[in-house]
Structures are given as structure tokens and as C-alpha cells.
């Protein structure tokens, strides 16, 4: 099959199509699905960590920390996530380079901002301009992960803060009456119990994360949307496989991919919820017990 | 992680690789025949061939990166790559922000392309955002329609969203030739800009001098003219 | 140029009134505040109309989803799944690509020509997508609330001899709305945020008329400095969100005013966001 693809202009019908679907460029498109899945897999736990920290901060007794937590949790409600996606990677990149510049090249006298240029010494570049392209791509990807984690961490902080408040107060008071310290109450009573309350919100958050991934291409990561646009665009005779504008079909593939992703997630999350609800002192847990009996 | 890759190709051109400086070449990859991503997923086109030659002559190792057109200058300034080689016309407005090498394509015309020759060139004109053609249309009084890529602008004409597309004549040429009469030229050709050159950060004077010298050599021995003819056809304007 | 003059020139630039060209060469704070603020008109336009129309569609969809009849329930379920299960970004793009496929000259129906070309414009096409989108999300919220309407309320209505429309209008619907309101407030907030996507996928901007984020990006690209325009856009959206919370909080108080010991304040925790 692959040997036949050497001269694409002479091909027709199914063979042409099979050859087309196995070009190097198409393969990059297939790999980009993995990019998106990787992003989700990495972002989810990090965002959960951010959210956990944020939620704990909102309950802190130290005022500045509490304000920080409050600010963090409410920022996503006030500002569209896309603004963060456009802003965070650039800010982070320049911030990191500036810090490295200050530490690595202390005797550099020229200003960092020269007109429109952002100039740091060669050693402070991130990644170093001599590093291979793959390093640059990984770096870009990491920036995207951080941007997503910050935004979804704030969402998660909201959910977790709500869940912490939903844990029955009597439980915490009882623990205090037993002489536990605040830390002990948090660690032994609050946190183990809050998850079941947080689950609906977190499931919902996972769905939103899935649906936010097309914005990756705005961050300069070549994701599935990037490739769908590039491959679907009309191709002239200068290409090996000329074809008319096929973007509609490529985007329909993306639509099916996303619908499948959300469907599968829905089914899996429903199972997880059932498993976690079992034996819990909630309405759903009670209903399950009765149904079983 | 390597597979997460954009399209790129690492080219070791200079023999003494270990000592050669790495120059990252930023291009759009969606503007044939200037630059495009071929079916192998690599950057290809006139500028790829020229850029590789220039790098070899300047004694640097070149690496090709693609980026969206509308953020191509900001990404250069923030240091994501070192040059822009993406069919970018030399204009005074851009010259305030970046420094251009001398042109490697002589000033060429911009044209309207439409479904019929008598299309209204003062009507709805689709252009690629951030191009000199966009600036021209914005001030000409016609209704400006902005799209992110050249393909989008052409698609807009095909589906009737725009009366005509206004872009570099050389970039539209393949569309006219291959459409079997569907697309035709409309209105008059317009001369814009001072030809196409490479753009570099204003602080990178040394590298710019190297590329400038290399372009001079290639112009003098006729290599550039031969390449323009190869990629843009025999009727293209040469030096 | 004085700031007053700039406001005159660019304050309504996003709807085509004022200066023809966007600023060149000078990008003062006043320019950025004015133009980004002017773009906000589009965000408000999209969000308000989509929410106002989507609200009724959502009520209908929620009822259809809770219907016993299969032919009513299944389409509603599929519609909700389609629009909640896929990214808005993809929906915008697909909608645009499909709308441009419609015949340019319009359809001929019974000798009358129905024009179609306006559908590909952002003001109409993107609005339709946002309408369908928010209808699906709100329908899911309303459906959840509908299922949570206390059984006793309905039994009481039955005892009073209420049926059909009357029962729905005076008993089920108000309760459903009251229960759904906190979540619906969130939906409204996030729909406002979603309007920033309009000019980022598919729909082109005419004569550089765009929304707040379109202009913020314009400035970020021109000044090569993202640290000014994006925070300005963020500032505007925070203001917008706060006023939205105020408005919805007022409605919430009205919805709950008959309840003894009603919570005076709307507590919005984005437990379920879109």
C-alpha cells in the first residue's frame, strides 16, 4: 500500500484516499489527538491540586491568605477563561525569562524592554535558542498546561470550597469537642468527607475541561483544531494530494471526537458516583440502600 | 513527547554543527508557493529553499518553526524565533518595529480575485488580517472582511460571502489557474510595499548583516531569479 | 488628541459609527479603554438576546425532556447532548461552514424569496449558535429543577382542581424557576464569557467591527504588550459580571419573596458550570 503512494498524482479512488490518509501530515493530525488527551490527563490532577490549595486558603485564619484564596476563586467568575489563555502563557514566559536574566546575567546593563523588543541575555532564554525544536514544543505545551491549570484550579477551588461547606457542621463540632485541633479536624474529618459532595461539581469540571481544549491552538500548540484547519484547507496542485475545501469534514470528525469523549466520561463518572455514594449518609446513599434491600 | 511535534525539520546544513549558531526561522506555512507545509508535514516552498541556502551561506544552523500569521511579529519580538521569513512585505509601519533585510522578492502586484471579472472592487473585500492588503482596503473605503488565513479569504469569495479577495498576485495565481475559470482576476493590479524581505529584531544587527550579504550574493549570481521562476512561474517579476 | 475626542471617534466604533480606521501608531490608555469598551456592545448584544430567547426554548426543552412520550423526549435529549457535549468553539466553526453552504440568492418558497445571506454574518449566525447553546445548557438546569419540584405542590394544585396550562403557569413553573435560579445565574455569567469566542472561530469581522476581546487582541498585537489590553478587557468583564449578579440577585429575591425566612441573598457557587 505504501509503495503505491510514491506517485500520488496517478492514483485514483480508494487507493488515493488511503494514501492520503497515511501521509506524514495526516499522521501528525492523528498524533495531535494524543496531545489533547495528554493535556487533559496532566492538567486534571494539577488543577485539582491548585483548587485544593485555593479552597483551603479561603478557609484560612490568616487574612491575607484568605483574601488571596477569595480572589483566586472568584477570578474565573468575573473574567472569561479565554482572556487568561491569551494572557498567562506570555506573562509567564516573559516573567520566567526576566527572573533568569536577573540571576544569570547580573552584569547586563541594557534594559530588558527596548522599544517593542523583549531582550534578555542568551543564557536566560527559555528554552535556550540552541535547543532542538522538540524542547521548544514541550516548553510551549507546558505553558499551556500551566495556563489551563490556573484557570481550572480556580474552578476546582470553587467546587471544593462549596464541598467543604457542605460537610455537616455537627461533624466538625463533634471533632472539636473531642479535643482535636483545627488541623486535625481538617485532615481527619473535613477532607475525607468532602469528596462525595465535591463529586458532581468535579465531574462537571472535567466536562468543561474537555470542551475547553479546542482553545489550545490559540496558545500556539498544534492541536487537533490547528491540524483540522491546516489539512482541511483547499490544496492546490503544488501539494501531492490536491483537494477542495474539506474543513467541514475535518471539523465534523472533531465534533464526533468530542461527543464521544463527553459520552464516555459521562458513563464513567456516573459509575464512580455510584461507587462513592454507596454507604454515604446522604439522600442518594440512602436511596441506594433502600433499593438494594 | 517528541511526537507532539509541530511540523518542523531540523536541518543540519553547516558542516561544523557543534559550533554553528542556531537560527530559528519563523514562517506561516499556509501561503503557497511562498511557504507551506507539504504532505510530509515539513515546511516547503520558495522561502524554505531560499532560507536553507541563506543559512548555509551565513554559516548558521537553521530550524523552521511555524506560527499563526496574526501573531507572527509579537512572537518574533518575544524571542520565540529569530527571523520572520513568511512572504512579509517591507513597509515603513512594520519597519518601526522590526528590521528588514533587503528584499528577496522584488515589489510585485496585489490583485483582486473574484468569481466574475466585473466584480465590485469597492464592495465586500476579503483579506488576511494584518497584511498590507488589509491596510490598503481599510483606507480605500471598501468593506473590509478579515480572515486569519489566505485559504479563508478565498473560501469567502467562493461561497459568496465576499465580492472579491485582495492579496499578493503570486499567492492567488494558483487559485486562478487551477479553478478552470471559476476564479478570475478583477479590477486593476495595485503596487504595494517594497518587496518581500526577512524581518529580524532590531537588536539582531549582526545576523541581519549576514543574511543581507548572502541575499546580495544570490541576487548577483542569478540564483534568486532562477528560484523565483521555478516557484512563481515564468511571468513572475524578477530582479 | 484629547481623550474626549478619542471617545467620540471610537466609542461606537464597534458598530461602525465614528472613525473609519482603527488607531495607528498611537495606542494610549484612553484608546484602549475606549475601543475595548466599545467592543463590549457586541458581547452585551449577543448575551442578552441569546439569554432572552434561549430562556423560553429551554423551558420548552426541559418539558419535552421530562415528557413521557418518546417522540418528544428523545429529540430533546439528543439536542441537549449535542450542544452540551461539544465545544462551543467547534459549534461556531461548523455553523459558519454550514451556513455559507446555503444558496446565496436565497430560497424560493411559493414565489417569495427567502434571503439567506444575512445568516452568515456574526450578528445573526453567531447569535443563533449562542441561542441554541444556552437553550441546551439552561434546559438541563431547568430539567433538574423540574424533577425537584416537591410532590406536595403538585398534589395541592390537583386538589384545587388546577390542570394543564394553569397548573404549569401558577405552580410548577414558578417553583422550577426558583429552584433553578442560582444555577441559571451561573449559566448567564458563563454565556457572557462565551460571547468572546465569536470572532475567534469561523465568523469574520466586518470592517474591523468586533467584540471586546477582538480589540484587546488587536492592541496586544499592535503594541506587543499583553499587560495592558487584556487586564482592561478583564476589568470590563468583572464589571459586567457584578452587574449581572446584582440583577439576577434581585430576581432571585422576587422569586423567593413568598417564602418564610427566605434567603435575602443569592449565593452563587459555581458548583455546576457550563
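Labels A, B and C are assigned to the chains in the order they are written; within every chain, residues are numbered from 1.
Here is the rule we use: contacts are C-beta pairs under 8 Å (C-beta built on N, C-alpha and C of every residue); 3 or more make two chains touch, one makes a residue touch a chain.
Just so you know, these numbers come straight off a predicted model, no measurement behind them.
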- Message: So, comparing C-alpha centroids, which chain is the farthest one from chain A?
- Response: B
- Where the centre of all protein Cα atoms falls, which chain's Cα centre is nearest to that point? A
- If you average the Cα atoms of chain B and of chain C to get two centres, how far apart are those centres in Å? 39
- Note on the structure: For the pair chain A and chain B, the C-alpha centroid-to-centroid distance in angstrom is 33
- Message: Between chain A and chain C, what distance separates the C-alpha centroids? Give it in angstrom.
- Response: 24
- chain C touches at least 2 other chains through residues 101, 220, 224
- Task: Identify all positions of chain A at which a residue touches two or more other chains, and write them in rising order.
- Result: 90, 116, 118, 247
- Which residues belonging to chain B are in contact with no fewer than two other chains? 71, 77-78, 97, 155
- Query: For chain C, which residues are in contact with chain A within the complex?
  - Reply: 81-82, 84-90, 93-94, 97-98, 101, 189, 192-194, 196-197, 200, 213, 216-217, 220, 223-227, 230-231, 233-234, 237-238, 241-242, 268-274
- chain A residues within the chain C interface of the complex: 76-83, 86-87, 90-91, 116, 118, 155, 158-159, 161-162, 200-201, 204-205, 207-208, 210-215, 218, 225, 247-248, 251-252, 254-255, 258-259, 262-263
- Query: Can you list the chain C residues touching chain B in their complex?
  - Reply: 20-22, 24-25, 100-101, 104, 117, 120, 204-208, 220-221, 224
- Interface with chain C, chain B side, in the complex: residues 70-71, 73-74, 77-78, 93, 97, 124, 126, 130, 138-139, 141, 143-147, 152, 155-156, 159-161
- For chain B, which residues count as touching chain A in their complex? 1-8, 10, 21-22, 24, 29-30, 32-33, 36-42, 63, 65, 67-68, 71, 75, 77-80, 82, 97, 149, 151, 154-155, 158, 174-175, 178, 201-203
